[in-house]
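Structures incoming, each one as structure tokens.
Paired with chain B in one complex and with chain C in the other, chain A is shared by the two complexes that follow.
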Partner chain A sequence: MPLSTQSQGEDEQYVLVASLDHARNLSNILKAITFKDHAIFNATPNGLKVTVEDSKCLQANAFIQSKIFQEFTIKEDMVGFQVNLTVLLDCLNIFGGSTTPGVSTALRMCYKGYGYPLTLFLEEGGVVTVCKINTQEPEEPVDFEFCSTNVTNKVILQSESLKEAFSELDMTSEVLQITMSPSQPYFRLSTFGNSGNAHYDYPKDSDMMELFKCTKTQTNRYKMSLLKPSTKALALSCKVSVRTDSRGFLSLQYLVRNDDGQICFVEYYCCPDEDVAED
Partner chain B sequence: MDCVLEGNAVKAFGKAIHSLSRIGDELCLDPMNKGLALRSVNSAHSAYACFLFSPMFFTKYCLGPDQGSEKVQCKLLMKSILPLFRCLASIGRNVEQCQIQVNTPNDRVKIQFFCRHGITKTHNLCYQDSEALQAVFASHLCPNVLKAPARLLGDMVMHFPVYQEEITLSITPLRVSLRNYFEGANDHMNIMYTEMSLHPDEFDYFLIGVESDITFCLKELRGLLSFAESHCLPVSIHFGAAGKPVCFSVDDMILEATVVLSTLVNSESRGPSQLAETAPRCADVVSESPGEADCRTAVPAAMEMIASSQGSPITHLPALLLLPTCTEPPHYQEEAHTTPASTLCSLLFRALSSETGEGLPVLVCCSEEEESEEEDVMRSPTL
Partner chain C sequence: MKFRGKIMDVACLNHFTRVITTISKLTKMCVLRLTPDNLFFVLSGKVANGGVSMWCELSQENFFDEFQMEGVSPEDNEICLEVTPENLSRALKTVQNAKAVKLKLTKKHCPCLTIAAELPTLSSVSRIVTHDVPVDVIPRRLWHEFKEPSMPDFDVSIYLPPLKTMKNVVDRMKNLSNFLVMEANLNGEMNLKIDTDLVSVTTHFKDLGNPPWGDEASQDRGPSQIRDPDAMAQTRVDIRKLQQFLMGQQVNPSKAMCNIVHERVVHLILLHEDVSLQYFIPAVA
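Our next item is the complex of A and B:
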């Protein structure tokens, strides 16, 4: 394979080298968090974490563990940079994203360190493309201070049941209201749109409900425009965990299985909507 | 009103709403003793559809205590209710039961879907109170009647492109034909003309009283044809000469569906030049005019759709026969504010304000003499 015939010397310059036989295992998961142009990449020996934020109210993270990669070499404890995510995705799909069986794009992602571009070697059918994407100083991601000890309510649902609800949500509603309670209605999604309101109720004993741990009744509203991008992650996932903490902050965690059956995670954090108008 | 639908009935109900959405932007829910009627009218009042579900269609059908004295008819925006039934396949898979309640304490129509896995979806939709707009069509007076399996009509109609607005149905003792219609036929070179004919034997029932060519809006009919095909129901067509409305209907034990469409007065566009230029297209939105507005709001208190037992249309028969004389331009010119399209509209529903009965004969008439308690309360207020 052309990608592996690079000289040994070149390799030593890179602080991060990550290779994938199927670039789509990375591009598919990155698509689930592409709602803004820029993403913060943070690599550690555990793997790659990619963060995208919107106006300090919404944060999405994609985790790709090092064992997903065919090769993952990191020379420092932590390597961070910021790139234009749209450009990166365009490069990863440079061969057109064909789905012919047996044909896939191989990826070798290399980074020399601060000030250097992110270099992508992409190969398909013997053709190699080299892309160099400028990197920027990584911004510090917002710390939503969401910790498990503060979690008041948690449910884990099979994504299939939520996918339909999210695709039907009344988009004329400015907010999505989430009610979680140890008693009826247990788990409820509500919208308040131009034609009226709608409620989607999931009982705690539903066979779609894998885990139900609600300690107190909480109703929080979140801006629909902020949560809309999360439907991409929902579409890819097979399970989703919904947690709220005492402040009403929302954490959505999606379990995504890639084409090779490996597991990656995507999570979304969202602040509750401040201007809550009573119904 | 409180009713419950189960299983396939939910899908059929949704399909009816899809069909009605092809007609107008508003849906009228009319709970009656004999069933729940869903109606829609297009903005030009040249197309009307009604789906009547008998109480047997429902697992439970209860009218509230106030139904006897005061009619509750809800007008909903189609864009509020259609999304709830948008994906019929998913409804078929997931919805076990659907409950519709009207006159719940909060003045909303409450539609609840009880789905698999214990999931419940509740929609509270805002509605407007309204008088039901009902078209009355004396189908027993139609000289021509055809009945065919939905499949046959679907197969005929399939030959016309989706964008085809109007088609002409011609009937002679020897054949029934359908061809596409283009007004103003100026652009002969760019139009593909399609015509197909069927022998009378192809129809389950064939009755010809008068040879005619009627031109009507195909788009508005497609919804009913699709519904009929999905339920394998034959479609009946009642019509007369050009200019009189055509009625397409299907019925089985538990539901009836009807679409009444106005037809062009001069379907061949060879009439007075005025008419040819501004030949009303059934789907056109008509400009507002005083006459037009009246036509819309002054809804006639209605007779039932199949009026044969009511009898009153007979009193207006002379008006129907007068129609040909009214196609002359001078009559339209007198109506300074109405376009031919609005005239067509007025022909379909008699505006109560034009009590004088001048000029415009009524093809689809209301019965002011009806005594039955149901119709009494459906009378519109006098203007």
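Our next item is the complex of A and C:
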């Protein structure tokens, strides 16, 4: 049953229909937030928001705006459901997720509403796969109450520079300490591992630093194990915004450009590990 | 009992190595039957290997420049050996640039297939590398277990889609389920299906075509002639067995097809000029 000949009548039953010429544009961004099986999907006329959480300390959100999709029809103000993300990714890559130019998997994603499975129609080279992924009751994502008015420090970096630092991070360290300050050392990443302590400093006038807006010296520690999943998002992204609020909560926002040059966002929120006395 | 063969041509050597490597991906142990005209690699469907059986047939003259053998007796002019194809494949892979490779049945500490390769040198002194692959000689009374399987009385026969596409799909399905339903009809359609608590996935292939099985195949099998072309014959199989078959493909077959006996067995056939490989996957409940 080719995608194009989907009967109109069938479409009318769906509360959500989203089509993509390249399923990779969705699977790639979902990979950036895959660290737990359960993903909460929230669709609004603006697009799709996918949330993954770990032990109420870490939350990752992927935003895929409706204009990224070739078709995005939603019949309600908000449609929510929860699915197994690993299963969804296996389905999206059913044809191998080939990166060969000219070969791509087309996707049509449909949802009839509460209690129904999420149905995917995938097509590549005339072969059609239909996947019905069972949905679960959507959980309420944790509200980290991270609001821009409480942001004390913010830097925007070219991802390139952070990728380098993250690839060299001492993973034997239990925490990553982030220092942001209007004076020296401006922006510092520190690890405390088996082979000693390490600091990575970024000067505020570096080419890699697109924006530097720090109002107060702040030093916070974050569990390395919690930050590790965010490196998947970092790897895909071209820019990253690092923000901390007055409570020491960390927000990492990644700007991801897909194969078609469109922009999506991935956002990670992380709780601080413990308070460090400010000097 | 004597056997010696010699391969001089590089293309033949490469091809022979690829065939052995394919077999090594399918099974740890198998039986090598040598006859004056052919080499057969045989795996008979025992419970220990999940009921899977294999039959691979090579015509010796397409690979060997010299081929001499003497079976156990003039009436039973055959040799039956149990071999580990992985060991053969490993030995052959290291001698790909040889000027000539000799294959010999020898008696060292135990019976061995000895692979002696003459490697190219710059000097006049020749370099010979020898691999001894231990084998077991199978006595005459057990030969009956390794006869060519008869063509099953299939319900549907169909050409397979490109094996690479099929492999991609089966690899992903393997992540999601342990079992897979293969179904096909006489309208050139084939579906691969899995169904679990979390997800159900069906991949639809169409316009594959159904091989004509000649008169002798259909004559005494009237029912396949009048079968409803849309009716699916299906078999549920262990997905790992199918994955193994797809993973091992080193030989790019000119024809790949599949016969399905409804709820009994999937019979896969690959044909490549002088080599034919048959693989049987039994149904699971």
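Everything below uses one rule, namely that the second predicted complex is superposed on the first by the 273 of 279 C-alpha atoms of A that agree within 3 Å, B and C clash if a C-alpha of one lies under 4 Å from a C-alpha of the other, contacts with A are read in each partner's own complex, and residues count from 1 in each chain.
In this section, a residue touches a chain if its C-beta (ideal position, glycine included) is under 8 Å from a C-beta of that chain, and two chains touch if they have at least 3 such contacts.
This is a predicted model, so every value here is computed, not measured.
**Q** Just checking: does A:N197 make contact with chain B only, chain C only, both, or neither of them? Give me first, second, both or neither.
**A** After superposition on chain A, A:N197 lies in contact with chain B alone.
**Q** Using the touch definition from the top, say if A:I263 reaches chain B (first), chain C (second), both or neither.
**A** Neither partner.
**Q** Who does A:G126 touch here: chain B (first), chain C (second), both, or neither?
**A** It touches chain C, and chain B stays clear.
**Q** In the overlay, answer first, second, both or neither for which of chain B and chain C A:V142 touches.
**A** In the superposition, A:V142 touches no partner, neither chain B nor chain C.
**Q** For A:A235, select first, second, both or neither according to whether it touches chain B, chain C, the two together, or no partner.
**A** A:A235 contacts neither chain B nor chain C.
**Q** Looking at A:D90 after the superposition, I want to know if it touches chain B, chain C, both of them or none. Which is it: first, second, both, neither?
**A** Once the two structures are laid over each other on A, A:D90 reaches chain C alone.
**Q** With both complexes overlaid on chain A, does A:L255 touch chain B (first), chain C (second), both or neither?
**A** A:L255 contacts neither chain B nor chain C.
**Q** Which residues of chain B touch chain A in the complex?
**A** Checking each residue of chain B against chain A gives 76-77, 79-81, 83, 86, 90, 94, 108, 117-126.
**Q** Give every residue of chain C touching chain A within the complex, in rising order.
**A** Residues of chain C touching chain A: 161, 165, 168-169, 171-173, 175-176, 197-207.
**Q** Which stretch or stretches of chain A touch chain B in the complex?
**A** 161, 164-165, 168, 170, 194-203, 205-208
**Q** Which positions of chain A touch chain C when the two form their complex?
**A** Within the complex, chain A touches chain C at residues 1, 84, 86-87, 90-91, 93-96, 98, 117, 124-134.
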